[in-house]
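Taking it in order: structure first as structure tokens, then the write-up.
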Amino acid sequence: MDMREANELLHRVAAGEVTPEDAASALRADTVTDLGYATVDHQRGMRQGVSEVIFGMSKTPAQIEGICRSMIAAGQSLILITRLSQEKFRELPEDLGITYHEDARMGIIGTIPEPDGMGPVMVACAGTSDLPVAEEAALTAEALGNEVIRAYDVGVAGIHRLFAHADDIARARVIIAIAGMEGALASVIGGMASCPVIAVPTSVGYGTSFGGVTALLSMLNSCASGVSVVNIDNGFGAAYQAHLINHVANFH
Amino acid sequence: MDMREANELLHRVAAGEVTPEDAASALRADTVTDLGYATVDHQRGMRQGVSEVIFGMSKTPAQIEGICRSMIAAGQSLILITRLSQEKFRELPEDLGITYHEDARMGIIGTIPEPDGMGPVMVACAGTSDLPVAEEAALTAEALGNEVIRAYDVGVAGIHRLFAHADDIARARVIIAIAGMEGALASVIGGMASCPVIAVPTSVGYGTSFGGVTALLSMLNSCASGVSVVNIDNGFGAAYQAHLINHVANFH
Amino acid sequence: MDMREANELLHRVAAGEVTPEDAASALRADTVTDLGYATVDHQRGMRQGVSEVIFGMSKTPAQIEGICRSMIAAGQSLILITRLSQEKFRELPEDLGITYHEDARMGIIGTIPEPDGMGPVMVACAGTSDLPVAEEAALTAEALGNEVIRAYDVGVAGIHRLFAHADDIARARVIIAIAGMEGALASVIGGMASCPVIAVPTSVGYGTSFGGVTALLSMLNSCASGVSVVNIDNGFGAAYQAHLINHVANFH
Amino acid sequence: MDMREANELLHRVAAGEVTPEDAASALRADTVTDLGYATVDHQRGMRQGVSEVIFGMSKTPAQIEGICRSMIAAGQSLILITRLSQEKFRELPEDLGITYHEDARMGIIGTIPEPDGMGPVMVACAGTSDLPVAEEAALTAEALGNEVIRAYDVGVAGIHRLFAHADDIARARVIIAIAGMEGALASVIGGMASCPVIAVPTSVGYGTSFGGVTALLSMLNSCASGVSVVNIDNGFGAAYQAHLINHVANFH
Amino acid sequence: MDMREANELLHRVAAGEVTPEDAASALRADTVTDLGYATVDHQRGMRQGVSEVIFGMSKTPAQIEGICRSMIAAGQSLILITRLSQEKFRELPEDLGITYHEDARMGIIGTIPEPDGMGPVMVACAGTSDLPVAEEAALTAEALGNEVIRAYDVGVAGIHRLFAHADDIARARVIIAIAGMEGALASVIGGMASCPVIAVPTSVGYGTSFGGVTALLSMLNSCASGVSVVNIDNGFGAAYQAHLINHVANFH
Amino acid sequence: MDMREANELLHRVAAGEVTPEDAASALRADTVTDLGYATVDHQRGMRQGVSEVIFGMSKTPAQIEGICRSMIAAGQSLILITRLSQEKFRELPEDLGITYHEDARMGIIGTIPEPDGMGPVMVACAGTSDLPVAEEAALTAEALGNEVIRAYDVGVAGIHRLFAHADDIARARVIIAIAGMEGALASVIGGMASCPVIAVPTSVGYGTSFGGVTALLSMLNSCASGVSVVNIDNGFGAAYQAHLINHVANFH
Amino acid sequence: MDMREANELLHRVAAGEVTPEDAASALRADTVTDLGYATVDHQRGMRQGVSEVIFGMSKTPAQIEGICRSMIAAGQSLILITRLSQEKFRELPEDLGITYHEDARMGIIGTIPEPDGMGPVMVACAGTSDLPVAEEAALTAEALGNEVIRAYDVGVAGIHRLFAHADDIARARVIIAIAGMEGALASVIGGMASCPVIAVPTSVGYGTSFGGVTALLSMLNSCASGVSVVNIDNGFGAAYQAHLINHVANFH
Amino acid sequence: MDMREANELLHRVAAGEVTPEDAASALRADTVTDLGYATVDHQRGMRQGVSEVIFGMSKTPAQIEGICRSMIAAGQSLILITRLSQEKFRELPEDLGITYHEDARMGIIGTIPEPDGMGPVMVACAGTSDLPVAEEAALTAEALGNEVIRAYDVGVAGIHRLFAHADDIARARVIIAIAGMEGALASVIGGMASCPVIAVPTSVGYGTSFGGVTALLSMLNSCASGVSVVNIDNGFGAAYQAHLINHVANFH
């Protein structure tokens, strides 16, 4: 149960829609669940503002299902499953109510909330092949409550394609710059923007792109200040931090 | 001339303290200066919210002096020189009015402004040897207009030392987590904080610390969400982005 | 024939259950067997206290069978086969009497002995995906004669999950700390425990986890003293050394 | 204050040599001291069985002095300073009473205790150039209360030199195997010993020894079971863990 | 046509078994053949003492067939095809007369000659998994005209297995030492032998064995003199050089 | 529309074959097309002299089709698709009129123009396995309007095979030197040629060839001057630059 | 003696200024000189169009002097010495007539010729710290007979600084793009230019710039076509190839 | 005492020049000497045919002196000290009778024997900067009893310089090919020679030469068969193995 959910619950108590007893019961559910293969951290939403997210890549469908049911039982209203392949999604029972987003390789249980951040989050990527990472970032940001501006295939080989988005760059509160190969997009955006830029290297490329290492190193050495970096292909992590930045005024 | 300086100038025009002509002249000065060895970017303050900062490491004292004088001439009121060794500082002329901060290896011309961010920036480091990077980050953040909370030598080998700062972690709007060796501090803070965490790996360690690469890799793979990373020993870059995050409400 | 087996044999001679002639014959069998593709080392149990273990990963089912039969013929009562895939297990003849443990990817011939070490061995892992390595370690330790405490999915992103095991950490004689990604679990346990900690990096992660190299480097640079490290995913090796430590009082 | 020191204190109270009040005062001193540049962890001795050790490499003489005085004030009777260069040692005030061991690059305040472990710790190194690491390990083990057997320059190029130490290998409770270059010593000892072996790669070599990385990788891949590894040149860390193993029976 | 074949041809001319005209014709055939996809170097046998060998790994069956037929046409009596998978072998036409050696992954056209070197070549490998490389080396050496002594699975974890071959080590003129993992076998043999040792790292291992890189680095840093190294898994190359060494007296 | 196409169009207007209105319409089409997944850069031909080329490796057939149709609609007369697997080619609709070149892994729409460069471009490769890269380079160069000389399988192990091409080396205006393994071909050609040499490392080899990294490093360190390097297996990129060099006189 | 020098000599013969005998003698001098420590290649000028250049970095002053005198004796009229430190320059005898260029770390004997290439060579660098490499490139290009356009400190963090040079980019026949850190300048210029771009990574940066490796990898993965790369800091090599490109029309 | 020395001693006994008692005494001296910091292996000469050689790089002058005196006392008539800097040489006492060879960085005690191998050893190096490694190899080979042919600065950038040595290549029994940078010399010689080639990569170069790693990798991937490799800059090791090869007929 994250802070928004807890607040909603308490408002519904205030509005008489939920009895204090039921609310208490829901909040009491909010503890650690030990599933043997997983120790589900129901406190994370209260502690960090965002409920635990399921990283689907190295989990079996049975494990994913178990964790989902544990979260549902604890009252978590929005559940994200990242790196969920279509094969695994098909093995999950329908009654979980998962909506599958193929481009983003994500499954979502529950309804995406209205944006409530300070402003838009821009998601820019250099090439067509960066799309899965870009969509993971964009959908995560939306699911956490952010307006998202998408600008795809705007790499520096044709830099006028990026400049066409100058207004978006100026309007964004955070920009997620996604690129493989030499990753120059992050530096160029970093030199244009006045808001924080989070760079995501992707594993796009061949030979000396080394599965994204070159883009990563390039982004870590950006000559533009104000650029920080996350792991290769980690669209989720970038969106998570963008969300925190876009809601930094809400924290206290 | 950054946005604060430009605003001040315009307020002083409004208050009759500066004539419109002098203001225009000052603003006109705000262009690129080509020094041969450097093309000083006077627009950066307007474009990105923070004026250009001088990276002193690979510049000669004569080059640093030249760039300082060009910035002074263009009306920049606060000038930061990072990675300025004591030797280089001593070769710079006194009339530049540089205050030297040995711990942070930084020189500053002008007066540090009052904090005007959304809240405090916390600077935490794991060990005594991380101090130069921590001070570079802390002083930069202060110079850009942020309140700073310092928590030094709080590495995870004695994790109670970190937990003693739980209130600071809760109060901070951004946390800069600095560590060498295995860099675990970033993950542990990342799991406790509800605000964005910027991790700075340091070159502290020996053998397989590989000059900070191990800490960097560790931080990029943080199991806690919401952690982004900058280059090894890049205290300045982390503080710069922390400043942007702490002022993200001010952008528009 | 390891020392326990030899001792049992001698006790059975003393008890009149085995004739001295048969015992001598069994001990004589305890030599090197040259199978062409393998030189089985029957002395290892006497020399090092633990009989030879079969590393199944790069051996054919026929080779594994041959080595098993050679060991059985030499009187080895407990045979471990590590990294045994289910496919290979199915190709092995039933009369070998192998019990297959899928979680641990291990096959065992014979009966697991009662624990006879100084105290419990704790096996802790950071995430759900580390389970195969954790189970390889736990089952190996049990098979060699150790009580095992399991604590799974207790990574530092929710550090209260680890602290819930503080009593186990205090009670253990050796702790095996298993983690992928940034491997911070080893440092945090290393800072809490007063017994030796053996860290096992796992290949869990993506991008810059580099198949476990990041966790390995992190663990080698642990800021906590008393942590040593084995190869990536080497749950067996960690359990083997944990067993030696837990029986160090028995050596002479 | 480590457990031995605390026990001694309590015995002296029992013997009437110390008043309960003075003992309480000494124990109360046993808290964290914040020196600004360092947060000295006086609890470590109680928590982990060994008091905090000063890693001298990246600390200034003034910082080392400050930490020493803080430990002395807190009643710590034995203080180790590792990686202490002769230059730094000479800058430290004489009244601290540091004994300097040049071979081991260590300074010691206080008296080395009588050995009280289960048996001897063997320190073996492959070549003459490994001596500084070997002595750091040997002296640390002695200072923590262990009998030490030294076997130096016994590398595998003349393997009879190692076999001459077969009795020592059989008698040791733990063996620290130290080697640079190809690090084969660890595997050969690992195949001969029945006790735990801790391998320490050294930075000895040139070209593709890569400052110890080759020896490290070699040791991590030892074909002999029961070998774990610490960071390059980390003689201290190996001795620390050897001490824990040699005292594992004492823990509870 | 290599030197042996040319010599045989000339002896048969001398013996009247071949007309000078036919011999000339055969020798004339001995030129470069351009197949479009390959420029077959028929001079190599004369220039370097060994005819060209076909590296089968990255060639199509059609290309292999074409090169074989070109060599047959040019009078080459013994043709080796290395890294020939069983699949590719099956696609090659039977009339080429290839004998397939599965263990060594090699195909051979023609008859293996009697050994004519100065003495035996020893092929030693550390583990069962090194067999394919060891057999590639052994068969190549035999095919080039060398007596071969095989000693397999004699790794240093049970060093008595190697010492059982001390006489072979003394008798050999060249030793090929093959090992994966930490590659210590090369150093130990290098310290025992008085003849040249050629070390072959293999890709056997997991985790930090890095596909043979660790064994390679270990072998390059052998503390024993007189050890040289070839590429990972390059059994052929080691045997080729062993052959040259074993025939060095024949060169002129 | 590249410069040649634009020139042809204008000549056809001058010749009365095209009305000025149709020409304008064709030129107007020459803008950026946003396909969602791709932002096609129709200006590239005018800006850089060569129209945009489709990198097929990481695009779906549907994306490739969409980009092709967008280019056709914009009047681009020659379309290259590189790294187009036969499987993808088969999924593309026939009406696109793609000619598929299997050796070069390329698809081409339109007619290859007559060579109009200053002289021939030589494409040399070291071994049979380098053919796919060599053909990608050769066909690209031809498609851009260059005469190509092919010299395949001329590696330095039989250096007379290269010297047989001395006249071609002297006649070429640019040489593309392609090699895997140790990549020595580039240095040897670089020492013979008086024209620019572009080196292409290939991923041919095994073990320490590291997928082409060894050849790349070798080529970057060529002891011959005048050699520059492109990414591993990047035959297209080498041919592209060779084309620019061969047409450098045409630029203005 | 390079081709220009040989041509001049022959013209002077034609003009009666030199006797055929003296010309022949000068041409005869044009052979290899074996100095023991060096085999000076006087044929290079004839073979490759540019006389041999002295790489001063790892040569002693005595060796440099010897090679210079050998070249002078052979009639070479222009001698370049690259990577010549000021210290070495001062140890060279004055009568050699070396002009020292400190910025470029080069010494030159003889007179720089008039430009005779097809057009200008542009040398662009990203930052002030790239100057030594940029000047090495610029001076080398001038010394070989090229007009040079310099554009320094035009990195992408303030991309308007680069766009101010759009006309130079359009006018250049070859562009040398020099950058350290993330090396993005090469990609951005590569996307704007219609002539060949040679990228030079520099060792400028810290931490993960890895002494220029990051910039190198970035440039090898440029998303813009037509960019090739030389070794880190190899300004000379880039200028050498730029010269060849700019004179490609002259070759035959 | 190596085999030649032992043979000489026995001949002198046979000739009545030495009494059997003195010979026995000399042979008895031939045991291991334990100097504390070193365990001198006097058996190596008998076991491996070459007496122990002192690697001077990481030893103090006092240690070198001690080992020398131990060897002299044991009757070793020829002592080599490799990697002996001039500074260390000057600190060694004159009465040891060391002759210092600056080019080779070696000291020698005793008289170099007459060559007694099967033929000459060729030492070829690519550039002037490879001289120290080449001389270490050449002098070592001579000191062990081999005729040496030197061919220096014959790198492939001017390949005619190498071809001028074709007769030497044909005459040599072993060739040591030494090169830094891209190390192509080894492949080219490997393709020309019919005897074994030992390649020595050197640390000559800059940037991506990575201190010799590029040359090493290049040599390991030589497209010519019959090339084996030793560690970077290991001229001694190459000469040692060349000596073994050149004396392989003498072994038994």
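Residue numbering begins at 1 within each chain, and the chains themselves are lettered A, B, C, D, E, F, G and H in the order written.
Operating definition for what follows: a contact is a pair of C-beta atoms (placed from the backbone, for glycine too) under 8 Å apart; a residue touches a chain by one contact, two chains touch by 3 or more.
Quick caveat, the model's predicted, so the values are computed rather than measured.
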Touching subunit E and also subunit F, the following chains
H
Compare the CA centroid of subunit A with every other chain's and tell me the farthest one.
H
Taking contacts as defined above, which has more of them, D-H or E-H?
E-H
If you line up contacts by residue number, which pair in E-H, B-C or E-F shares over half of them with C-D? Let me know.
E-H
The distance between the C-alpha centres of subunit A and subunit G, rounded to whole Å, is 50
Subunit E and subunit G, separation of their C-alpha mean positions in angstrom:
46
Centroid distance [mean C-alpha coordinates] between subunit H and subunit B, Å
56
If a residue has to touch 2 or more other chains to count, which residues of subunit F qualify?
157-158, 191-192, 207-209, 213, 216, 220-221, 225, 231
By the touch definition up top, name every chain pair that qualifies.
A-B, A-C, A-F, A-G, B-C, B-D, B-G, C-D, C-E, D-E, D-H, E-F, E-H, F-G, F-H, G-H
Show me the residue ranges of subunit C that touch subunit B in the complex, using the header's touch definition.
126-127, 155-159, 181-184, 187-188, 190-192, 205, 207-210, 213-215, 217-225
Complex contacts: residues of subunit G adjacent to subunit F
47-50, 53, 118-119, 171, 173-174, 191-196, 198, 216, 220-221, 225-231, 236-238, 240-241, 244-246, 248-249, 251-252
Subunit E touches which residues of subunit C in the complex?
32, 36-39, 41, 43-44, 57-59, 63, 201, 203, 211-213, 216, 231-234
Could you pull out which subunit A residues touch subunit F in their complex?
128-129, 131, 152-154, 157-158, 160-161, 164, 204, 206-209
